[in-house]
Amino acid sequence: MKNTRGFASDNNAGVHPLIMDAINKVNTGHTIGYGDDKYTGSAIKKFREIFGDEARVFFVFIGTAANVLGLTAATRSWNSVICAETSHIHEDECGAPEKYSGCKLLPLHTTDGKISVNGIHSQMYGIGFEHHSQPKIVSLTQSTELGTVYTVDEIKKIADYAHKNNMLVHMDGARIANAAVHLGLEFKEFTIDAGVDILSFGGTKNGMMYGEAVIFSQPDLAENFKYIRKQGMQLASKMRFIAAQFEAYLTNRLWYENAKHANNMAKLLAMEVEKISGVTIMQKVESNGVFARVPKEVIPELQQEYFFYIWDEETSVVRWMTSYDTTKEDIFGFTSLLRELLK
Amino acid sequence: MKNTRGFASDNNAGVHPLIMDAINKVNTGHTIGYGDDKYTGSAIKKFREIFGDEARVFFVFIGTAANVLGLTAATRSWNSVICAETSHIHEDECGAPEKYSGCKLLPLHTTDGKISVNGIHSQMYGIGFEHHSQPKIVSLTQSTELGTVYTVDEIKKIADYAHKNNMLVHMDGARIANAAVHLGLEFKEFTIDAGVDILSFGGTKNGMMYGEAVIFSQPDLAENFKYIRKQGMQLASKMRFIAAQFEAYLTNRLWYENAKHANNMAKLLAMEVEKISGVTIMQKVESNGVFARVPKEVIPELQQEYFFYIWDEETSVVRWMTSYDTTKEDIFGFTSLLRELLK
Amino acid sequence: MKNTRGFASDNNAGVHPLIMDAINKVNTGHTIGYGDDKYTGSAIKKFREIFGDEARVFFVFIGTAANVLGLTAATRSWNSVICAETSHIHEDECGAPEKYSGCKLLPLHTTDGKISVNGIHSQMYGIGFEHHSQPKIVSLTQSTELGTVYTVDEIKKIADYAHKNNMLVHMDGARIANAAVHLGLEFKEFTIDAGVDILSFGGTKNGMMYGEAVIFSQPDLAENFKYIRKQGMQLASKMRFIAAQFEAYLTNRLWYENAKHANNMAKLLAMEVEKISGVTIMQKVESNGVFARVPKEVIPELQQEYFFYIWDEETSVVRWMTSYDTTKEDIFGFTSLLRELLK
Amino acid sequence: MKNTRGFASDNNAGVHPLIMDAINKVNTGHTIGYGDDKYTGSAIKKFREIFGDEARVFFVFIGTAANVLGLTAATRSWNSVICAETSHIHEDECGAPEKYSGCKLLPLHTTDGKISVNGIHSQMYGIGFEHHSQPKIVSLTQSTELGTVYTVDEIKKIADYAHKNNMLVHMDGARIANAAVHLGLEFKEFTIDAGVDILSFGGTKNGMMYGEAVIFSQPDLAENFKYIRKQGMQLASKMRFIAAQFEAYLTNRLWYENAKHANNMAKLLAMEVEKISGVTIMQKVESNGVFARVPKEVIPELQQEYFFYIWDEETSVVRWMTSYDTTKEDIFGFTSLLRELLK
């Protein structure tokens, strides 16, 4: 039987046992649907302990929806959203942001997955000119799609610039836990405190089954979000099962333990790979992804044993993602195969 | 502590133990994401055993999404969708069908939740006339939002009319299992065999945690649906957990046992209620809902103990839904309280 | 050569000579585009003399656009728009309001083209309930698609109800001049003064070549409309040619003379038709349309000579529209042919 | 009184006298609306004499609409459109393409307004992968927004590549006449014959009052366009007045004379400007636009006398457009003022 373990994506892992326990535990009796239940109330309370009393928290099914509906909440169709060309909203959502919000996306060139004030500034023209889509959101991914992590200072600079220009900051935090571990900071310190207005808070890539949270820094931004979520086809009837997952995820810093493990495994993988001649690490390994240039000819056989995705066909760069359940055996088995194939 | 059991909705019940078992069981090791896994393959196979080899099956998160994306697959924005004024797509989806598909909904007046060829025919004008939205879909709900069930003959007549007029038939089957039990028929007999082209196949209201299926009667209709699902924010990364639920749901006819129980509880409730003077059953009880006219003054106190929704404030009609886990104690406790309050 | 004169639509007439003169007159030299020119400034000033200094005025190409973009300005996609089932926005815009605004239309049954507070009230439920599209606009057509005219009192009652329920009032004034003539009132008296917030002010059906105005009762409502108009594909580059038309239209009450004539011709037509046995006038003749039941068998031959549209195939009701250039000869020729055919 | 003549845009010119004559001439009697009239029939016939019998022709009001609705006709919302970063659809339509079609735009970097097969190829990945917007259209502007003109060979190479990759070619021909003059070719030779599938054929920038044509190379592409145009708020009721303009525009090659004059004036302007030290022509002058780098300090005074737009604030590049009615006096007056200011 084929080995299914690999480095394709952190969402190829299953559900963390503590989260599965929590799901099982709330499966008792009747509970009012659509989020008016005590489990959802409790999970939201936990989020507000982290993000502050002003924060408003809504659960949706997936990260794409968290991004798209979060952007929709703060825009009208004549706005534009400035983002990295590598961002999930630009590259991996099949055009959902444009279709749903009607906005234009302005992808900035990036080599490390990050964008800067300079890049954003290059799009700041035509303000007030009706022929031009009006920039309204700067969207950052934390940690980025290339495994790098914005520093607090980088985020603050961007947020300051955005706010001075009447824009808001959205953060795609599908892998926010990995960033928090890398930065050694609490979530709030590099999100709301740094100027993030709308946050997609992910859990599925770090041990949950399904469910993401859209977090607004203050109530005004969330004013109509209940309608946006429902019309956006993201209001769960049996909400308690998302709530229970987040409750467990935020209890005893499970999110931290999971992400720390994944990050460490990525570091180990990078360290081992660096010893192999012919392979080059292409990005800083700051979260749970390793991007490496690997000779084309060994890729297919390697993928056979440990599935992963090619990031860029032309340059032969591949992406390896680790997860909360990646083992040292996975790493060593993989790197020894790689070493073998490269002989 | 407040009693949370009640008759508010069949989605207030939890997850059936056999489905929860199935979820726990597939939580092992790594699995490729987004539906390219063996669990999803197996669940789809089970669906095609039921609906035929030509059928195409896609999992989404919720019923609203199944409806909206199913309609989107078969329409362009200049089309219209003919439906009952009581239909979920018209009444309970916050305008998601219009927003997402761009189509016009044409709600037909109904007293029992059903629509007829006559009603549909009344909207068949302006064909080919560019000023007029072009009718393209007839959408039926089975069982209806009023607890009634279309006969096979009724569906066939509507489907024949629709097809003769170059339209397709969509069925919102959020409670399709309850209809199947009432009709004593297999799913295919009153859907694809009767002319249904696109089916929203529900599970959440009958014992699942989340997950619905969009089923197309033949491959052509599903041609672009993978893009529609992804752009529609409904592609689950950890798909195996939806697949496992449907696998269990379709195994040993669990769906049937659950729905039969719910239907029987509704019949029992109706029978008991009929004995109480001052209360009138308003609709045929053919699935798991009971609609009754109840004196206004007793409603608040009754809701305190057993929560349920008022269907029509003006006429004082309420809706009581039973579920796979409703007990006789629930029924008798409720009806004895009702009797008491009406004294 | 076939007679092209008839009663098909008031837009089958050409452009009034004074308006054509105005178009010719502004065709001199260079003028800044997109509305920043003196001609547009002057025409807008004329509108504000009529509708007040608070009014905000924007020109678009056609009535459908005026309606759709006006509705878009005041709604979000989770809103609904309450209107008559006969309204242009529901019947004759190919679903443009739904496609563009994302909103749900709620068509009310009507026998005379008007809606009432009672009808509107029947849709006022589920407020604040996220499953339900939130009513935001009541849309009236003045004069209606059935040739009738709302009284000031009727409009005020509806507007009061709407405003008390946090809704706005939109008026489709494609034939507003005909209504003004019938009411013997200035435009403002039965629009802004009566509570209308957003007005589609038509000219094309009353002697203009193209061009309609969207008028907001106060600046707040128009805040983003310049973006909405541009993104809505309705910003004319050579705006002076729309401005010149409105300038002429509003000068010396040309609009009044044109509409009075059309209304009078409709009255004459109705009077003559009433003398013919076998034909029944179906609606009050309050503007420039006559709706009549005519024996089916004479319709085709009648249409050959004077084209017009059948309004309702089943009941054999037809629509005859008069225009600013309808002549008594047109009327008498038509009615004598009708009399002949019915012998 | 301020001089209003200038080089701001070719749409600041008025209507050519022959076109104005044509408008006046068709203003006689009644004519059926919405394009079912003899004038529209005749104008379409003229277009088909130029573009072939297979071509399908539809009139709309403006170029933005021609582009957006043309793209909508050939796409579904999960598609992407590849274009130059300077293109009108990306830069100057306030996001209308995204809002209306739902598609993603992929802007390619360009220095001369053109795109190449290499650039297009860089976006050709993720085909068949549902996470990725599927490329469906390559959109070219001819002549480009930078005044350059694609050769037939350049167009053919792009079209071949596009067709081999299951894409279609759209051409934004707002200034197509200027390109035809430059190329010395008939329209068809560098559009349909070169592989263009959908053409926005402009007239307003070359002497018309309003009105553009959407031309499809063959009937299949136009199948539903009548609904798209109506729902897209672009169906003119008094269509004869657009038709008459195109009739005149295409008669005796008026389009050619107008564009030739504008092109010649641009060449003259460039020639005169080149003599002035301190000013640099930045782009080949192949149509009716001149792009020049001008010292920042003289721009405001120059704009006072002859209005024009700054193209790029940072590099101090300005755009000067000539039109069919630009005179040598305009050119010489302007260049002598420029020379003066630069002393």
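Quick notes on this structure:
Note that the chains take the letters A, B, C and D in the order they are written out, and that residue 1 is the start of every chain.
The rule is simple: contacts are C-beta pairs under 8 Å (C-beta built on N, C-alpha and C of every residue); 3 or more make two chains touch, one makes a residue touch a chain.
Source: prediction; values computed, not measured.
Here A-B and B-C are compared, and the pair linked by more C-beta contacts is A-B. Note: the chain lying farthest from chain B is D, by mean C-alpha position.
Averaged Cα coordinates give chain B a centre that lies 50 Å from the centre of chain D. Separating the centre of chain B from that of chain C, both taken as means of CA atoms, is a distance of 41 Å. A straight line joining the Cα centres of chain A and chain B is 33 Å long.
Contact of a single residue of chain A with at least two other chains is seen at positions 77-78, 93-95, 99, 130-131, 227, 230-231, 235. If you check the complex, the residues on chain C that touch chain A are 34, 76-78, 130-131, 134, 224, 226-231, 235. The touching residues of chain C, when paired with chain D in their complex, are 4-6, 8-9, 11-15, 20, 23-24, 26-33, 61-62, 64-65, 68-69, 93-96, 99-100, 204-205, 209-210, 227, 230-238, 241, 307, 325. Against chain D, the residues of chain A that register as touching in their complex are 77-80, 90-95, 98-99, 102-105, 125, 130-133, 313.
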